[in-house]
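What follows is subunit A paired twice: with subunit B in the first complex and subunit C in the second.
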Partner chain A sequence: MFESATEALALLFTLKGSLYLCLGVGIGLVFGAIPGLGGTTAIALLIPLTFGMQPAEAITLIGGVMGSVAFGGSISAILLNTPGIAPNAATCFDGFPLAQQGKAGMAIGAAATASSLGGILGVAILMAVIPIAKEIVLLFGPPEFFALAILGLGAIALSTGGKFLRGLIAGGVGLALAFVGLDAVNGGDRFTGDVEYLLDGVRLVPTLTGVFAIAEMINLTLKGGRVVSGDGASMKISRVSDGIVSVFRNVPILLRGSAIGAFIGAIPGVGGTVASFLSYASTVQASKNPESFGTGNIQGVIAPESANNAKDGGALIPTLAFGIPGSAEMAIFLGVLILHGLEPGPMMLVEHEGVVFSLIVAVASAAILASIIGLILARWLSLITLVDVHILAPTVVAVALVGVYALHNSMGDVAVAMIFGIIGFLMIRYDYPRITAVIALVLGELAERSYHQSMMIGDGSYSIFYGRPISAVLLIATVLIILSPSIRGWLRNRKREA
Partner chain B sequence: MKSKIILSTAAAFVAAGFVGNAQAAFPEKDITFLIPFSPGGGMDSTSRQVAKNMGKYLPNKVNVVPKNVPGAGGRKGYGLLAKAGGDGYTISVINMPGAIIPQLTGQKVNFDVTKFVWVGRMSTSPYLFGVSGKSSIKTVADLKNLGRSVKVLSTGFGSTAYTGASIFKTVVGFPVQFVTGYKGSKQYIVGVVRGDGDAGIAPTQTFNKFVKSGDIHGVVTFEEKSSFKGVPTIAEAGYPELTGLGVERMVAAAPGTPANIAKILSDAVGKAIADTDSQAWAKKTRRPFGHLSGADTQAAVDKALAIFKKYPAALAKSN
Partner chain C sequence: MADSAGMNSPHSDKMILNLLPPLIVSAFAVIFLTWSYTYDQKAQQVPVLVGWSLIVLCVLDLVAATGTALGNGIKTFFTGTIVGEASGEAVAAQPMRKVLVAMVWPVAFVVLVYFVGFLISIPIYVFTFVVFQGRKSVKVGAWSAVAATAFTWIVFSQLMQYEVFPGLLFGGQ
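Let's turn to the complex of A and B:
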């Protein structure tokens, strides 16, 4: 095993290897930063380029993209309140207020450091878990996925920041939208109104682009001026080192975020978005002053950024164990393997060790390289916050819509983005949390499908949920999480009385 | 008067020349090869490989340009083919029987597979019916004598796997309870290994690694000749009419494509597959071709439709 690892590392030190890595990182950063694009689009576009390459080289290129996309997305999240990719949504909560206060450099510095360390930790967790990867994947069946989805939905209660009822309403709308499309269980279509585009459901990327990117630009345009509030001259851009140091002052948050990222990232389909959100929510929960979150608490940047890079390590777990892609990028990665004549499956680690390690090494290296580039460019990137909104907003909207169209060459996607742009703006205006709607949209399908599958497996009895240890534990955790605000309040009152 | 006659005769000749040219000069421009599936999968790679080598075997050596149009399990692409003109410039890969199940089960679709003009079959992936390596079920007879329903894990109702398992259980005659909702064959095969259910049906290639590692035991294979040691073919198990049950990758031109153009396309597909480059690719990626000409493909499609007609219960929802 060590042989393959050192071989893979050696490739990086060759001219060709490092060139492919740099190219991958460059593409990943750009595609990550532009809302509407993302790792999946980038890798899909690169596939034809890989035809003539050796497998290890192709994988270095793809690993480079995968490891850098999440950090690229954090840049737009911090500077424009617009997540580059879905998992960056939680970074906006505290990253953007920091930018508004003129501390964009610090936020980017923290995001860069958290991303690279999170990525490495995610890979480390993966390596530790590889020997039992198969067993882990076998332990998580439909009942466990249902429990996890419910846990994620319950955690929404944590994130509403006092707007509990509005958060639930937004979540409810997200859930309703999640059920549109082809039903995976019964094979029929629901709520599509005979519109063929809707057979695939309400697609996440156009929705997200609309609800965050476009809505934010509408909001900014109506506000006028620039991203940074107040006098630009008084702003200090060069606090990048403060950001880097802050990560090392918050190591427990980094570790927890990475663990959540790696673990949840292994769940096919939901990984990154839910992981970064849960990492943020749990950090708020554990904090001594939860009210400071949302106003520019640097911990609120470290938590999600470490999670959304660690998720790549997690997504590799089912991918390596059984050839089941842990994320959309992994699905395309598997396709690339097939194109090069390598068959993914339970024996992948045994038969294609070299390829696997090339990917792991590439992803980890990419996270570091991307962060270094980000740190160098942080000062200049922060200048975006000084650009007048009349130039900024149309540019971002135009680029985002082009990115959304590039996904599937579908004007339907563009229409969805624009419609949700308006809906998202209305949610900003009337103070309905958008993140709960998005999380519900992401998790709704998994929750419903897993529920029906569990019922079929368990012959209609609910005992399948509490009879299995893992799902039972998760469901209890969900109950505790939902009750936690009330429990906390009750404890606080008792203290006061005492 | 004379000039009028000369003029109209000349016009007639010119017109005839155009019409004749249109037919004789096919193809005059690039041909679009629709792929109603996402890039990177089996449908995509096989189609791209054939498209790559088709151009040089067509008159005028035009390009055959692959275009991914994923959506709704292929329906988006099939709809596009149905709307395309019958001039031979749009062809598509068609997953059979996947493409025809929606209209046979009464779902509303904007295409009619029976109107597609078949231009060839690229490959076929016959199924294997497998159980967990730890299961007590070992043979087809065990399926019938289990004393309870066999829990079959599958993708949703209307998918090729669900329909394939349905046909199998209808013909052999054993009770089945489906657990659907899995997103793909790998997911439900892992489900079988995990113990979510008893069995699953999928192309032999998808099962290969699992059988090799011992996680899955093959009960019966629908190939003509079994490629799994100790696993009987469906013919050996006593049901030869089900030989070949599986997924086939056909190529079709739009409805209304004239026969002579279809023949040109069919020949090009055949030569593209026989090309040394394609054969080398098939060997390297372990995806053998199973070529049939356009006419033979039509016969294969008719045979599949006949089985559906003979066993209408196979298309009904089981649970």
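Let's turn to the complex of A and C:
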């Protein structure tokens, strides 16, 4: 094991190894930062490039992309309130208000540090868990998946704070949209109106690009000025070092975010979006000052960023140990492994230990390298918040829509992004939380499918959900999450009265 | 007459504006629920549950928007500040004409893309937006248009080798 780890490190320090890693990191950062692209597209595009490479070299290149995409997405989330990839949406909550206050450098510094440390912790968890991965993953059946999806939806209640009612309504609309397309249980089509494009359902990337990027640009057009509020002449970009220091002042949040990220990442089909939001929601819940979130609290950047990068380590557990990809990105990565003659499964660690360690080293190094690049560029990147929105808005709209089109070469995707751009803007205008709709859209299909599968396993009895320990614990956690704002208010009132 | 005057007061205008979004969502929920019932028992089970829940929530939202004692009670129950979302009030203060213009720009861009493709639409859209909406000089508009188009062409067409939609008039499908 030690020998394999040393060999993997040695490869990284060769000219070829470091070149592939840097190339992967560069591509990952760019694909992460441009809304609509993301890691899945980047890895898919790189597959032909890896044909002539040794397996360890190919894995280093792909690992570079995987380790850096998440941080690339957080840059646009912080500077433009436009998440590069879906899991970065949680970073917008506090990252963008910080940018508006002229603290973009601080937010990017915190995101970079939390990302790299989260990535390293995720990989450490992966190494620790690989020997017992099989037992852990097999503990999760449909009832647990259902409970986990419900837990994710429960986080909606928390992330909408006091705007609970409209948050739930937006979540309900998101769920309704999640049912569009082929029915996961019967295979028939639902709510498509015989439109062929909708058979695949409401696609996430165009929807996200519309709800966040397009909507935000319409909003900025109306507000005018710059992304940064106030007088641009007196605005200063805060020190990046403040952001780095803030992460070390919030180590428990970093550790909790990384643990949530690695855990959620390891469960196939749940993904980084849920991990980021659960991490954010748990930080809000644990905070003594929950009202400060959403207004530029640096903890609101650290929590989702650490979870977002740690999830890669977790997601590799089912991919490497069982050949079960946890996400689209992992499914394509699985293809890369098979292409290079590596068969994922329990024997992979035994037969291809060196390759596994190359991947682990590449993902961890990529997270660090991406953060270093991000920290170096943070001050210059932050200047984008000082650009006039009337120059920024059309450019972002144009580039985001080209990215959306490029994903499936579909003008239907562009139209969907535009429609959701208008809907997203109206949601901002009338105070309907956009993110609850997005979480529900992500989790709706998983929740419905797991529900039907569980009912089949349990012969139609609901005891299947509360009779299994993990499912029961997750459901209790959901109830506590939903009730926590009321409990907190009640406790506060009691304290005041006393 | 007094009623008529009251109906046109800023207060009643604001109330109508407040009622409009929950009414639209309610209409969506009713259509969704009705549609759900057209599917077989298993396929409709979860959508029907979501549809009914959505209708109940919309009714609560509608009552809350009326400003009556019951509505205020519901508001108080669900009150607080949102985490992670800016308030829409600043935007809501904008005149409707301005809002519509801001929404029409990207829609017009998409329509233009549909006919003449991205590489022709981007410079036209960016230039006209910067000059007419942003009221910047022609020089700034031209530079912005060139930069946005060059970025798209270099990154998407050249580096990534993506086929950027050429538009219906130029062979796009």
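Details
As a working rule, the second predicted complex is superposed on the first by the 494 of 498 C-alpha atoms of A that agree within 3 Å, B and C clash if a C-alpha of one lies under 4 Å from a C-alpha of the other, contacts with A are read in each partner's own complex, and residues count from 1 in each chain.
In this section, a residue touches a chain if its C-beta (ideal position, glycine included) is under 8 Å from a C-beta of that chain, and two chains touch if they have at least 3 such contacts.
Remember, predicted model here, so these are calculated numbers, not experimental data.
When the two structures are aligned on the shared chain, A:142 is found in touch with subunit B, with no touch to subunit C. Comparing subunit B with subunit C, the partner in contact with more residues of subunit A is C.
In the superposed model, A:185 makes contact with both subunit B and subunit C.
Using the contact criterion defined above for the overlaid structures, shared-chain residue A:332 touches subunit B, although it does not reach subunit C. When the shared chain is aligned, subunit B and subunit C each come close enough to touch A:452. Of the two partner chains placed by superposition, A:252 touches none, neither subunit B nor subunit C. By the document's definition of touching, neither partner reaches A:469: not subunit B, not subunit C. In the superposed pair of complexes, A:225 makes contact with neither subunit B nor subunit C. Within subunit A, the residues touched by subunit B in the first complex and by subunit C in the second are 183, 185-186, 188, 409, 452.
Across the complex, subunit A meets subunit B through its residues 44, 47, 137-138, 141-142, 182-189, 194, 196-197, 199-200, 268-269, 322-324, 331-332, 334-336, 338-339, 341, 343, 345-347, 408-410, 449-450, 452-453, 456-457. Interface of subunit B with subunit A (complex): residues 39-42, 44-45, 69-73, 75-76, 79, 107-108, 110, 151, 155-159, 162, 177-184, 186-187, 190-191, 193-194, 196-197, 208-210, 212-213, 215, 284-286, 317, 319. Of all residues in subunit A, only 30, 34, 45, 90, 92-94, 97, 158-169, 172-173, 175-176, 179, 183, 185-186, 188, 190-191, 214, 217-219, 221-223, 280, 284, 290-291, 293-294, 300, 388, 390-391, 393-395, 397-399, 401-403, 405-406, 409, 411, 414-415, 418, 421-422, 425-426, 428-435, 447-448, 451-452, 485 touch subunit C in the complex they form. Residue ranges of subunit C in contact with subunit A, taken from their complex: 21-22, 25, 28-29, 32, 35, 39-40, 42-43, 45-47, 50-51, 53-54, 57-58, 60-61, 64, 74, 78-92, 94, 98-99, 102-103, 105-107, 109-110, 113-114, 118, 121-122, 125-126, 129-130, 133-136, 140, 144, 147-148, 151-152, 155-156, 160, 162-165, 172.
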